[in-house]
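Structures incoming, each one as structure tokens.
Two complexes come next, and they have one chain in common, subunit A, joined by subunit B in the first and subunit C in the second.
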Partner chain A sequence: MLKINNLHASVEDKSIIHGLEMEVKPGEVHAIMGPNGAGKSTLGYVLSGRDGYEVTEGSVELDGADLLDMEVEERAQAGLFLAFQYPVEIPGVSNMEFMKESVNAIREHQGKEPLSAAEFLKKAKAAAKQVQLPLDFLKRGVNEGFSGGEKKRNEIMQMILIEPRVAILDESDSGLDVDALQVVADGVNSQRDGERSFIVVTHYQRLLDYIKPDFVHILADGKIVKSGDASLAHEVEKSGYSFLGKKYEEAEA
Partner chain B sequence: MSQWLNEVIESASATSDFLAPFRKQALSSLEQAGWPGRRNEAWRFTPLTSLEKREVKHVQQAASAQPPSIEGLSAFELVFVDGKLATDTSQLATPEGVTIASFDQLDDTQKQAASEVFGQIKPARHIFGLVNDIASTQGIFIDVADGVQMDQVIRVANLVTQDVDAHTRILVRVGKGASAKIFEHAEGTVASMSTAFSEYAIAEKGHLEHYRFAMMTGQAKQIGGTHFQLGDESTLNSTVVGYGSELSRLDVDIIHAGEHADAKMNAVYLLAEGELFDLHSNIEHTVPNGTTEENARGIVGDRARAVFNGRIHIHRDAQNTLAELNNRNLLLSRRGIINTKPELEIYADDVKCAHGATVAEIDEEALFYLLTRGVNRSKALVMLNFGFIQELVNKMPDAAIRQWLLPKLNDRFAQMEVK
Partner chain C sequence: MSEQIEQALSRKYDAGFYSEIESETFENGLDESVIRRISAMKNEPDWMLQWRLKAYHAWLKMDEPEWAHVDYPKIDFQEIAYYSAPKSMKDKPQSLDEVDPELLRTYEKLGIPLHEQEMLAGVAVDAVFDSVSVVTTFRSKLEEAGVIFCPISEAIQKYPELVKKYMGSVVPRSDNFYAALNSAVFTDGSFVYIPKGVRCPMELSTYFRINEQNTGQFERTLIVADEGSYVSYLEGCTAPQRDENQLHAAVVELVAMDDSQIKYSTVQNWYPGDENGKGGIYNFVTKRGLAHTNAKISWTQVETGSAVTWKYPSCILKGDNSVGEFYSVALTRGRQQADTGTKMIHIGKNTRSTIISKGISAGRSNNAYRGLVQMGPKADGARNFTECDSLLIGDQCGAHTFPYIESRNPSAIVEHEATTSKVSDDQLFLCQQRGMDAEKAVSMIVNGFCKEVFKELPMEFAVEAGKLLEISLEGSVG
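This part shows the complex of A and B:
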């Protein structure tokens, strides 16, 4: 479904990702762990097409199509979703209007009829309820005045509404207490249907107790240095990233 | 001097109503004032060249026009068409304690009351204010007696349908503990020249909910002012909406004359291609313990120009003042121009005063966020930019006016191109 071949990317001429390989098949959950500065967030931005994140080599295919050749919105319409580590506040644009526009743009791309206001409202209410966001959050400006945890839940709510092919969760666990973590994880797990794939980017093993990965990859220095099953995450939890060499021991202290 | 001003003075000199002594005084001030050129700071960014050589036009044939109807708005409707009051104010079924009357229908007590407001609140030297002083034979006096709470809105529409010089005036008294909602609404597109000034005296504990929509566009020149004087513990909530035209200028003065008054003003302007809009805001804290919060936001289209001058003047005795003024602008095109200028004059030492002015292009981070959700770029830009002013529009207290305005602004915005 998502194939990343020999990906090299740089930000402001600084090479961050060099030679990343990864293949995500339908229904799989891949966790990407790694020390700070390994390029974890960069990967999400590169895949979603953020300005300033330049791919210098390699290719990425989504369902056989060249992802890197698409505009940001086209990637989303093709089924890629990025849950931000730091969701942006946009006062004045209501969450509801935003999501309706989003869902209908994606439906249009899929050749489906747009949802009516009533149909959409019903879905939005259900999604808000699922992530335990009060309904008035739908009417508020996008992330406007939301707490850190509310922003993360709002990301998951958007994912539920958008129904992507592949969702990248960029540190969706950071700054969450256990209850909020459970809500986020439940939201994600509810969307696992054997078809939809996930790339869970996280610094800590904790989230992976709630969202069970099929594969765990360690990202360091812009490439995957080690892959394994869920037990790899536990190994990291126990002994940190020391196996990566001295360079990372300090960062993890 | 300009040809236009000379003609205005000539044609106004015959006026002889109860305001004649004041008009005479204004005339002599006007003759001394002289025509403001580009070197005059107050008009530096707003050229008056197109007005200088204008020939004064009088109404040839009276037209009739209706202001846009606003669903769900419960209002007393007054309409100026081409500068003439088209509403017979004697037919209005006003509640007890409320006077809404044209200048020529006032009794002696009302004349006296109106005289006490006329020219007393607006700045003495504003040249177009003086023009309006001498030429505004068409005017309305509104008086809300002490303690009277008016639920209904009083809408005064100013419509221009032909090439004419129109000078209209509104004088308002809000009594002690009284409350009123007044909506000044100007529309028109044809070549013309309007001046429209209003003065509001809000007494102790009085409350005014106010709207001024300067929505003349195209070749309709409009220069006006709204001037508030706040008594002790009075409150003001005002919303200004500005469209640009060939020449569009609005001066707003908020004068804290009584202590513990609270003023809130939100202004939005949305300037389409080639339009000009100039908002001069002046906040005067002359006494202690007043609060003012003003937010002005504008979107400026291709080859359009917005001017915002935000002055806060805190007098020596005005201790414990809280004044905030924020102006944010968004440029849709590199060929748009924004001149925003803060002017802080603070002579008291125990005050909190904040002033911010920004000019920005699109917030790239927010745009990226919307795009990652599959929203098309053009739509995302509309949502972002419009969101920027919608935030203020949403704060308007009157739901009916708000619901009427939002789609209007949305349509206007949708026709503006991001270049």
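This part shows the complex of A and C:
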């Protein structure tokens, strides 16, 4: 479903990703771990088409279509979702309004009728309940005055409503307590249907106790240096990135 | 991003068409004889002519104000025609059937339904085309309630006592350069009188349209709300797209008697000029309301048009416990310049005022808020709250805030908050990542920014204002 071939990308002329290969099949969960500065967040931005993240070589296919040829919103409409590490605030625009625009823009692309206000409200209420956000969060401005944990849960709520083909979670676990971590993981697990795929970017193994990955990749120096199953994450948790060499041992200390 | 913004902001002005209507237009130029001719065309009584002439002589001695944060070539007042009227209006139509169909089509194009049968929304409209009022709808229903809503030229004939008493009582003839000019040459506008204790049964609305080339539009609106009455009034404005600048210098006076309330809303979409600043309307307007005891005056404005705007709808809070409000959204793009804000003059005890101003600048435009809050020596317990927010789109525009606060009463409380923000790349990216295109995203972000003001507009106009912003921002990002 998502095929990344020999991807090279740079930010402000600085090469961050060089020669990344990865294939995500329907229903799979891939975890990406790696030391700081390895290019983990960059990967999410490159795939979603953010301005300033320039692909210099390689190709990415989503369901056979050339992802890199699409505009940001077209990638989203094609089913790519990015849960942000630091979600931005949009004052005055209610969460409800924002999500309705989003869901209906994607439905329009799929040739579906837009959801009516009542239909949407019903779905939104259910999603809010699922991520344990009080209903007044639907009326509040997008991320306006939300705590860090509330912002992360809000991202997951959007993911639930959008039902993407591939969701990239960029450190959705950072700064969360165990309860919030459970909520985020439940959000993802509830979406696993054997068709949807997930790329979970994380620093810590603990999220992977809740979201069981099919594959774990170690990203370092802009490429995947090691891949394995869930046990690789435990290995990293125990002994750090020492296998990558001295440089990373110190950086993680 | 900014290059794309600029490119995209050069969108078409929707109301920029010109209507082929036979007009009777004065030759350019202004002197006493022109004023006498205007007065004669309108069949005015002598007192009105004398009033105009006094204003004219005062104007001759005045200078154009130069303190505003705007820059435009000096206006040659002899190069303007001071009167233009559709020819068919000479024998004023008695009903809509007699109105030139081309004129009706013009209003239809603007989305202003004049046919009463279509007006189930229940909004009474007075339409002013160039210098004359063409038609006022829903008159009989208003008359039943005792409400007077008619062109001001007609009010001068029919209700001279009311006009004499109140015209110039809030904005004196020689108040300022443009008000004096308007007082001398005003051609039409609306007059509203709400009798004691009456709640006006529908929204009242006036649409102003400049059609002819090189004409100025000088309309004058006078609204008097008698004791305990209520009225909500909306004005809308458009003009054809032309290379020359055109002058619009209006005066609006509101008189809110004891316990009454006036809500005055404006959706201003005069032609703003092209992306290089060629053409467009100079919008130099004086708007002021006088609030007596327990009265309330609310100004709500959505300003998206005009090349240069110079406008400060104000409240004189004379009576004890009177309330003044100013809610404003001003959007500038291309080379537009806006210097707008309000004055809240607190005279009475326990007077209260609220100012919410939202300025949005895009392209290479300049947007300034200028506001005065004055607490007089007798204004015990008076309060003001001001919130002044600026939103920048792109990196070549300017936002400026000039708040003036004068307090002569130690018990008065004045609060001022100001913020400046940008439509950030992060916000845009979030919206796009959620499947929305950039245009939709910007318009949603800007609408969110303006929400506090839009909620003050009458329902159907809030929708209109939102759409207008959307059109104005069309393609503002790529």
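Here is the rule we use: the second predicted complex is superposed on the first by the 253 of 253 C-alpha atoms of A that agree within 3 Å, B and C clash if a C-alpha of one lies under 4 Å from a C-alpha of the other, contacts with A are read in each partner's own complex, and residues count from 1 in each chain.
As a convention for this text, a residue touches a chain if its C-beta (ideal position, glycine included) is under 8 Å from a C-beta of that chain, and two chains touch if they have at least 3 such contacts.
Keep in mind it's a predicted model, so treat the numbers as computed, not measured.
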item: Touched partner set for A:A126, first subunit B, second subunit C, both or neither; value: neither
item: Which superposed partner A:I90 touches (first subunit B, second subunit C, both, neither); value: both
item: Partner chain in contact with A:A117 - subunit B first, subunit C second, else both or neither; value: neither
item: Which superposed partner A:L135 touches (first subunit B, second subunit C, both, neither); value: neither
item: Which of subunit B and subunit C A:Q158 touches, first, second, both or neither; value: both
item: Common ground on subunit A, meaning residues reached by subunit C in one complex and by subunit B in the other; value: 48, 50-51, 71-73, 75-77, 81-82, 84, 87-88, 90-93, 97-99, 101-102, 105-106, 109, 141-142, 158, 162
item: Subunit A contact footprint on subunit B (complex, rising order); value: 363-366, 368-377, 379-380, 383-384, 386-391, 394
item: Of all residues in subunit A, those that touch subunit C in their complex; value: 48, 50-51, 71-73, 75-77, 81-82, 84, 87-88, 90-94, 97-99, 101-103, 105-106, 109, 141-142, 158, 162
item: Subunit A to subunit B touching residues, read off their complex; value: 48-51, 71-73, 75-77, 81-82, 84, 87-88, 90-93, 97-99, 101-102, 105-106, 109, 141-142, 158, 162
item: Subunit A contact footprint on subunit C (complex, rising order); value: 1, 424-427, 429-438, 440, 444-445, 447-452
